[in-house]
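Listed next: structures, encoded as structure tokens.
Presented sequentially are two complexes of chain A, the first with chain B as partner and the second with chain C.
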Partner chain A sequence: MADTNAPKPSSSVKLVLLGEAAVGKSSLVLRFVNNDFQENKEPTIGAAFLTQKCNLPTRTIKFEIWDTAGQERFASLAPMYYRNAQAALVVYDLTKPTSLIKAKHWVAELQRQASPGIVIALVGNKLDLTSDSAGTAEVSGDGDDNAEDSGDARKISTEEAKTYAEEEGLLFFETSAKTGHNVTEVFTAIANAIPETSLKSARGPGASHAGVSRTEEQRVNLNGPRDSHAKEGCAC
Partner chain B sequence: MDRDIEAGSIDTNNNNNNNNNNNNIQKNQSNNIEAVDHVPPLPPRPSRKLSDDGASGALHVTAASKPTTQVSTIDISTLSFPDGSRGTFSTSATSATRSVASPQSSASGYTSPRTDPTAETVSVASYPATLRPPGDLADLVTGEFNRRSRAWSMLRTQSSSVQPFEASRTGACDTLAGFEKEFDDIPELGDKGITDEQRLSLWKSKMKHYMILSSAGKPIWSRHGDTSLINSYMGVVQTIISFYEGAKDPLLGFTAGNARFVISTQGPLYFVAISRLGESDAQLRSQLDALYMQILSTLTLPTLKNIFVHRPSTDLRKPLEGTESLLSSLADSFTKGSPSALLGALECLRLRKSHRATINNAFLKCRSDKLLYGLIVAGGKLVSVIRPRKHSLHPSDLQLIFNMLFESGGIRAGGGENWVPLCLPAFNNRGYLYMYVSFFDSVDTAAESQETNNPPSSSQDGGPPPPQPQPPKPIPSPDEEIAIILISADKESFFDLKSMRDKLALQLAKNGSLALIQSAARQGRPRIETILNLNNTQLTTESQGQGQGQGQLSHFLYKSRANVQFCQSSLSPAFESPLSSSSPGPSSSAPEKGSSVTTSSERQRTADKLLVSRRRLMTLYHHLHSSIHAKHSHLKVLHLVSEDAASLAWITPVFEFYCVAGPNMSRGVMTQCANKVVQWAKREEERLFIIGGGVF
Partner chain C sequence: MAMGSVSDTLWDVVICGTGLQQSLLALSLSRSGKNILHIDPNDYYGGAEAAFNLQEAESWVDRLATEDKGFFRSASITKPDVAGLSFPRAYSLALAPQLIHARSELLSQLVSSRAYRQVEFLAVGSFYIFKAPSGPEQQPSLVRIPSTREDVFSTTAISAKAKRGLMKFLKFVLDYDRLEQRDVWKTFAGRPLVDFLQEHFKMDAELKTYIITLTLSLDGKITTEDGLSTIYRHLTSMGHFGPGFAALYPKWGGISEVAQVACRAGAVGGAVYMLGAGIKSMATATDEVELELTSGDMVKTKLLVRGNESVGDGPSISRLVAVVGVLYLTTMATSNSKEVLSRALESFLSAMDHDQVPQCLYQLYYEQAAGVKQSRLDELTIDLPGPSLSLSMDDLLLKHVREAWKKVASDTADDAEYMIFTDREPVDDDDELE
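For the complex of A and B:
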């Protein structure tokens, strides 16, 4: 995945993953970053920060990824991660109806609170559990089949999700972190969808983060950690 | 008074009932028990009391009287009780174990050697003085050298190399039979071919259970079994507990068969431990406390209270969702046996003082203003700590962090850097802190990516090897993983801490510290042979000396009380496969290094065996620990010989020392070894322990 030859313009994109617990956010990231999959992945605690480059014909995108925890008690921390994000992956599990409802909530929250130009992709994960997974090459394109085929665990039709995505102006993919199906495609599509104008140079410290001043010299008195964190009774 | 009910017998002494249920487990250890304590001077008399629990025990009985010459009478088989022993050390092996914890009734009363040397020094005169520096253990445990008979020595020369627990490994009545299955999952309800009865009997076969429920009787978590399986038991437990609660006479524990039940109530939560592994009540209770701390760490105390104030019937499973694996890995570490939990102390990576100082200084220099605590940890061992002057880190908080990072897979497996809100209850149970974590292998320092292909062997030791950054590909075993942990009270400080980490990583790589840490971690814990043959030279030869002459200690724990830290000897070869230094725990998913051609079933068998033998070791340590810490016992030294193993516990205001050897190691040799190790630990104190750490 490293840059190959001639220096292409390189920019960094902050991306956040949101979605109900256990839909496969971490698995998608693990597939994208390490091309790996773990059968029994433990829930994320808090959030994980990872980076991965994505080579486009004309430029290189360096994703700075926040993989957030889906569990309810971490929900109050989410704004910290999506606040400055240029892209979001909202993930649901296409074998679990409630996860799409949750995904819609996230989309609404992002549209309300995140930066206006944010690129949002709706991702239905665990496609390998559906019967149409076997030979699909371009699932994302044609939403047709579903129904209760043999051994099909699909609970959310491609049609339904796709229609919703179109209404809201979201990118839409069905993926399998397990097989790797469509995973890089999602990230590439996001990279392509980021307007050139909103890209900053990846070099230099200016990839400003989360609105926190990063100056090392700033004096912060740690005297009262008890006070300062008692007041933010969040994360639950 | 707190109530303590027992099936069958009411225990009159709350302090000493801990081991009642352990008779089966521990009766083998009670053949020959000696205790030394502070009981006022007694007339001189022999110190050993003997009991015998069977034919085989007879040969282990040592001389009852204390002759002063080498050639002496020997009573290989007698059960004769030394006259004047308080007689309660009965021949009934079943009660003998208990008696250990209650010196009033059993232990022979040594006087403190310095206050009354006459009491037990009949035979001490022949000790070479050099063996007895001030405070020498030999002062406390006397007599061994002079009471060996020819028969006894002959017996011993034949079997001096017997490893501990060999008897029970082959023994028919193995109390740990099936322990290797302890951590296997119970099949789900719908699983094919499994009846409910089979599931229930699997559940019942577990030797250790933990349950957490609300005072309203709602199940919150249990280590084994799903809701369908355990709901009714939870109901029963709740009924029993609340019955006594209602009577204002809380139930603390009871015994049923060979299982000990210990109950701990924390506000609206009930914690229950059920154990057939022989821990004391106090030990089980501290395990339950740790589980409670884990819950607080997730929720904070005010939140927990709030939840139940508003709705006492709340189902706490929802807010705790996702932390089940943390509770389970914590529980499993207790079930496997954790020296750290037992001693309430931390283990540090052994490093030269100057090396650690270099690391501390680099750490302090990179410090972000947002930092509260900074830790470098290698394979679960503390390498360096920096902290504000007025705050120290509590071991129970660190236990939670280490459990999260090294025992349960969640964070480590994710890769990348993590930002984890958590409450450290011993620091402050009212709010969250934010913990930045990165593992060195996952986010490797791009700056120093020279590829070296050194296999993770422990070949180099001695002087500092040249800097050798970890090659990125081979995943280090859990014992070698290095993590940087930075804790802040500011939830927005991730990038401050990340940049601090990057700076620090660069520094450590540049000044060679990273390589030092890696090689120290790879080298593993000190080996007893090395320590005993040390003679003030540096650790050089690792492999020599095994099994030469008299048998050697198999393992020891040394806790520095002032530092709340401990060190232990290498678990290999007796309790760890010499092939891999990684833990055989089922949770360790590190791929096998090297290309050993062992089949996976073979590997599994080895892992199982090690799991069990480690538990044996830890059971013995738990026993020593509870005996020597029993209230009112005032023990200083406890020497225990059984069919299985010889062991020794020794407590002073400065340290706690525990060691285990094969059953035939004589007390004298054991005493010598103990002295050597303790002296070594004293000499090495600043390498073994972090003293103070970096303070800002």
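For the complex of A and C:
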């Protein structure tokens, strides 16, 4: 590489979280963004969205991760939630069969409502509750699992979910937000799967100093003067 | 809010309806720590300010044909036999396509509450007037209304004499509220603005039309007092958020966008949202209301806030939403307003491009009755006024929301802190431009 110090192009990607209540949507994000986990976490309150950068070899993706804020509970997500989302994380709890049914519902909803070309990742969370919880489960491997082992809370086999994901063209991972297993991998895979062409106005170095830069002539920025505290650092 | 059933909680407030006012109330309470259940009988957000894709518009029209939907009537969809319509979800037709002037209190509140970050606004540049062809050889045209000093100087559309008259008027409006100036228009205050323009400024018919258009008054009968304040708002809004525009329009779905964003802020603050759940019956006890919801749930609340669904005594409007891009045409409802709007659409399209008149691909027509203008605050219930029919955001509605907020949060709220919130997460300045 000629100049490793040259800043890479950077783009923002809106990622929406979907899935049944209590499958660990927020925990996955918390693990990804803060590398943290809270046991017995209360339902999500107070997080509109979180941001986290993901450094790829040729570019930087900045995820703007939108939490459902509980609006999924009674199927009350507004269209603005899906609008312009370039990626979605559909989470189920692999110890809870109904949560996969719900996940399939969300995938259908995304295919109906979201922009065509959205990158969807199906994620089976709570791998720590299964017998393959040592963090050795290779999702990309041959996919046979030991669901019937004693002491194993797994109710959804890797094979079943993986087959479904392949049929629908989804990325697929099994994760543990608790141990951190595979969490970063999910986001890196999504970042890699987003086609370069769909990235809007990739900002090169200096672009942020351009002042009032409107992407469209008539777009208005109501942004008043205020503090800016950029969140730096990356888990990728 | 725990994950139990909605029946297990004694709610501080149940808000029914997700129109603009109820949604702004949810936003205003989003940091109050109150237990809030926000419901809507419809399966979509926005109530009378909703935005629909073509499929949703069709179900809405179908439902209106069989059930009473309050303010709306005579809805119909026409699909001319021409190709070119995209898929139904590619469109968002707003029932409330209101402009928001840059100086509107709504925008200040969206900014101070930090909710604005999730709404995309488009600038509304100039206002134009349709000019019919003056002779057989002429073409119809759209004439821009000059509304700044620079505009007036550079326009070629009006005579030098008219320019002087217009300039004098604009200057007058800029401090119309000063004591000495008030004496000038006081006697006209309740009379039509047209009379004031005629008698005091000696304006000709064309100039009067320009000025009345700037007020966005549907029947042209706006009073001098209201008219002057509206034009004042227009002039002082010009350039407020950037050069060359006085008003904004929320991209995608008009006021529905603001409602959705406000509800999301409510949810982020812990409010529970249920669409498709209206109030089937209610019973009041001494200090709480028990509601039976159409979803089957029984809920108890200390206070119920809802929109007043009664039809008021104001005039109705007729609206035509035409898919050519998306155009919104509005007029006062009359026995032939549907034809009037159709002809207006044709005229407008012919003025856009004489050689290749754009084709309309889809039309949604409906009439909307005015709601009640006052709110009603009782011990256990608050009825907010009906939706506004004006073409631009009416800040008076915000006053009613604030009153409701005061009643809900009076024990803990500081009035000076109304709608002033900090960002929940750190934000980079450069990142919100996408």
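Rule of thumb we're sticking to: the second predicted complex is superposed on the first by the 182 of 236 C-alpha atoms of A that agree within 3 Å, B and C clash if a C-alpha of one lies under 4 Å from a C-alpha of the other, contacts with A are read in each partner's own complex, and residues count from 1 in each chain.
Here, a contact is a pair of C-beta atoms (placed from the backbone, for glycine too) under 8 Å apart; a residue touches a chain by one contact, two chains touch by 3 or more.
Keep in mind that what you see is a predicted model, and the values were worked out from it rather than measured.
K.L.:
Taking the superposition on A as described, I'd like to know which of chain B and chain C A:R73 touches: first, second, both or neither.
P.N.:
It touches chain B and chain C both.
K.L.:
Tell me the contact category for A:A189 with respect to chain B and chain C: first, second, both or neither.
P.N.:
Neither: A:A189 stays clear of chain B and chain C.
K.L.:
Check the residue A:Q38 against both partner chains and state whether it touches chain B (first), chain C (second), both, or neither.
P.N.:
Touch partner of A:Q38: chain B, not chain C.
K.L.:
In the superposed arrangement, which partner chain does A:L129 touch: chain B (first), chain C (second), both, or neither?
P.N.:
Touch partners of A:L129: none, neither chain B nor chain C.
K.L.:
Just checking: does A:S12 make contact with chain B only, chain C only, both, or neither of them? Give me first, second, both or neither.
P.N.:
Only chain C; A:S12 stays clear of chain B.
K.L.:
So, A:L50: does it touch chain B (first), chain C (second), both, or neither?
P.N.:
Touch partners of A:L50: chain B and chain C.
K.L.:
Counting only touches as set out at the top, which of chain B and chain C does A:S26 meet: first, second, both, neither?
P.N.:
first
K.L.:
After superposition on the shared chain, which partner residues are touched by A:A153: those of chain B (first), chain C (second), both, or neither?
P.N.:
neither
K.L.:
Which chain A residues lie in the overlap of the chain B contact set and the chain C contact set?
P.N.:
Correct list for chain A: 21, 43, 45-51, 67, 69, 71, 73-74, 80, 212, 214, 218-220, 222, 228-231.
K.L.:
Residue numbers of chain A touching chain C in their complex, please.
P.N.:
For this pair, the touching residues of chain A are 12, 21-22, 43, 45-51, 62, 64, 67-71, 73-76, 78-81, 83, 112-113, 200-201, 203, 207-208, 212-215, 218-224, 228-231.
K.L.:
Any idea which chain B residues touch chain A in the complex?
P.N.:
The contact residues of chain B facing chain A are 298-300, 302-303, 318-319, 321-323, 325, 368-372, 388, 391, 404, 408-411, 413-422, 428, 430-435, 489-496, 498-499.
K.L.:
Which stretch or stretches of chain A touch chain B in the complex?
P.N.:
Listed in rising order, the residues of chain A that touch chain B are 21, 26, 29-30, 33-34, 38, 41-51, 65, 67, 69, 71-74, 77, 80, 209-212, 214, 216, 218-220, 222, 225-226, 228-236.
K.L.:
Please give the residue numbers of chain C that touch chain A in the complex, ascending.
P.N.:
Against chain A, chain C makes touches at 1-3, 45, 51, 89, 92, 107, 110-111, 116, 118, 120-123, 125, 241-242, 245, 248, 251-253, 257, 260-261, 263-265, 267-270, 272-277, 424-434.
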